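What follows is chain A paired twice: with chain B in the first complex and chain C in the second.
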Partner chain A sequence: MQRFLLSIVAVLAVACAPADRSDAEADAGGNPYGLRGRVLAEALPMPDVVFTDTDGRAYDLRRETDGYLTLLFFGYTHCPDVCPIHMANIGAVVRTLRPSVAARIKVLFVTTDPARDTPERIRTWLDNFDSSFIGLTGDTAAIATAQRALWLPPSQLGPADSTGNYLVGHAAAVVAFTPDRLARVMYPFGIRQADWAHDLPKLLEIQWSGS
Partner chain B sequence: MVRLVMVAVALGVTACGRGGETRGSVDITDVYAAEPVNDESAAVYLDVWNPTDAPDTLVGATTPIAAMAQLHRQVGRGPTMQMETVPAAQVPARGWLRLEPGGMHLMLMTLGPRPVAGDTMDLTLEFRRAGPITVRVPVVTYVEVAERAAVEADARR
Partner chain C sequence: MTWWCAATDLPWTWTWRAYPGVWLFVAAVVGGYAWALIRLQPARLAGDDQPTTRKEIALFVLGALTLWAATDWPVGALAAGYLLSARTLQYLLYVLVAPPLLLLGTPRWLLRRLLRGRVAFRLARVLSRPLVPLLVYNAVLIAVHLPPVVNAVAGSQLLSFGLDLLVIASGLVFWWPALGRLPELRPMGYPGRLGYLLLSVFVPTVPAAFYTYARFPIYELYELAPRVQRIAAVADQQIAGLMMKTLGGLILFGTMSVMFFRWHRQEERQEIPQKEPVA
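For the complex of A and B:
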């Protein structure tokens, strides 16, 4: 009941004060939905690519993500810093969401290092963050196609050191697709758990104008 | 050339002002390691404050738990995260060297027994002027790494 009252108050406040300061600021920033991520000027369709999941099964991106809020990230399991931080942040937040909300979210990790990232290795790595995360691999061409479709820079292998280890450059942003399979928002590195907690439920609720 | 002369002058001042003492000193703060999520590597983050009038240089690090340590830094800025290995990192005179998520960090390579969150480990940092400095490093989860980075970023805002 208390919650219900609060909702009414909130609605009234918005209705009476259309020029609310935070809304005005959001509009000025080109973000009319009040999201913490960067809303794309133009929504991009889910790449038409078939990857392989960590069970070795074909994973058709468009078919599997229909109706889900999908977070897609390109990275690699030897990644020391950016990749585990993104994955840990998302995992921590998804576990705090209401189960009905969490059930509508899919987190996809696509390796940019298919030579070293076997499906088993990806599975073990992802389980550090959340066992529900979906790990995907494919040939280099398929990975590049998916990156290109999202206007992301292609991943690049760095030089090997004396032990044969090498680093992989890759897009640092997580791409969020709404349930209509359109990429709408990018989350750069530096995005925080509080930002995910703020945006994830909203991404499922927003009525997007145009596409 | 100007820079080289200035360094020489600064070194001279320190040497004289401290009665011939040539070693500098640095303070290590906010040091923590990420609980490894694979068997090969662990990231360490820390801040170095150099209170002296002479720049110093972090030239290496050793720890009993790893075969080697590398310094990684992010190359350029932009949509791509590309890290590269660098041999050393300068600590400016009266300035900070910050090793932090998404930026420069120490990478411990080829781990022995894999540390877990809650452990601590010894890490010896080697500075050109200040010499070796050993610190105790707490191991924390990546979730905590991310939150610490956020708190530090807020504090500097």
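For the complex of A and C:
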């Protein structure tokens, strides 16, 4: 009986462990750094755009993110699925990182729905996930410029329903910029907390070749 | 039309949704029972058969209502694609609450009628011994909690239906030897039943421990599901772990306490004639 119980424990231990793809497996997918995200063939520079943060101050993307690992995401606070899941998962993982690592990471949320997403609303929404997250807004031209610079499809407003609510189509990927302000890795929707926990410290450690 | 609760990508809302397949399932269970009571009850009962009592009918109906509550909106829908804690509650209702009520609500004469065939009787006898039910119950418990199974079944109504039936069946198999309804199957005595229930407490603590102590969400389905009431995926997982440990333990230990006192009463009843002075 003891052996039976032990074998059950062993089966469950293997099966219930969070998906933990090995570095070798990641490498086999054409990823030379063993990262879980998609490494870009060509690094992209941080968009040269100035947004407004939730305190109403100007936020120069290039200047403010220099020296930080920056996760940039375009979304909106009325989003029913992708945006809150990405933010919740990143927030949950950042809290588990060593403080010295977490202090070197900035998470930027740029609204794709500036008409409804007031700075106050963005702040309140982001505080649900992590109060260190930076919320940014701007005019639609600035937002579109930033998206274009990262080869992301421009966001599109959907039709309003009877209550006036509408959805906003937007890219579901989080863009990771290394401290040299170059976008190196994309994280599509479906990336999991275990993947973030694996990649975030690595993104700070890797000596990237080429720019 | 959605017949059975399965995972969708839709955000969760507290707006009621109809699942006609669930109603048909519950109606079939209750209807089959009512039909059996009306049509199959013999005019003269043999042996220790008793006429169906109100208590038995009430227990069976309560069991069917438990199945309904666990399968239909909102528990069924939340369990299918939103909250692991709801799935755990559903699992506990399926295996630890509904089956004993259904079995205790089925009168002995009906059980005997159902087990009239040789194969059915032999199967019931095998299932009256503890080893096979314990293996079946734990194998199903492990299988339905494996992440690949949970993720594979999620979007399919048919597979979700099949998995729900499998879990309910494992619950019936699990409780069969513990309740020992038919003496001709030579069920275990109270000490054996207590030991059997005690053994079954341990395996569920394994997934419960993973749920409670895992750093990150175990199931992709629940991690990437639209959030319900802003409950974080890890918090939901921890609630599920606590439920599995405490609720499951409470039900099993509660049942064991009742059995222990029944055993005690039985022993007392057997001792009373010996204490009387011999004339």
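Details
Keep in mind that, in the parts below, the second predicted complex is superposed on the first by the 183 of 211 C-alpha atoms of A that agree within 3 Å, B and C clash if a C-alpha of one lies under 4 Å from a C-alpha of the other, contacts with A are read in each partner's own complex, and residues count from 1 in each chain.
FYI, a residue touches a chain if its C-beta (ideal position, glycine included) is under 8 Å from a C-beta of that chain, and two chains touch if they have at least 3 such contacts.
All of these numbers come straight from a predicted model, not from anything done at the bench.
Contacts of A:A197 after superposition: chain C is touched, whereas chain B is not reached. Of the two partner chains, neither chain B nor chain C is touched by A:A141. In the superposition on chain A, A:N89 contacts both chain B and chain C.
When the shared chain is aligned, chain B and chain C each come close enough to touch A:N128. Contacts of A:A41 after superposition on the shared chain: neither chain B nor chain C is touched. Judged by the touch definition given at the top, the superposed model places A:L167 against chain B, while chain C stays out of reach. In the superposition on chain A, the chain among chain B and chain C reaching more residues of chain A is B.
By the touch criterion stated above, A:Q156 is placed in contact with chain B alone, chain C being left untouched. Residue overlap on chain A between the chain B contacts of one complex and the chain C contacts of the other covers 80-81, 84-85, 88-89, 92, 128, 189-190, 192-194. Interface of chain C with chain A (complex): residues 9, 11, 138, 142, 145-148, 199, 202-203, 206-207, 210, 214-218, 220, 223-227, 230, 232-234.
Per the touch definition, chain B reaches chain A in the complex via residues 34, 37-38, 40-43, 68, 70, 72, 75, 78-85, 101-102, 105, 107, 109-110, 141-143, 145-147, 149-150, 153. For chain A in complex with chain C, the residues that touch the partner chain are 1, 5, 8-9, 11-13, 15-19, 80-81, 84-85, 88-89, 92-93, 96, 128, 189-190, 192-194, 197. Chain A meets chain B in the complex at residues 77-78, 80-82, 84-85, 87-89, 91-92, 121, 124-125, 128-129, 152-153, 156, 158, 161, 163, 165, 167, 169-173, 189-190, 192-194.
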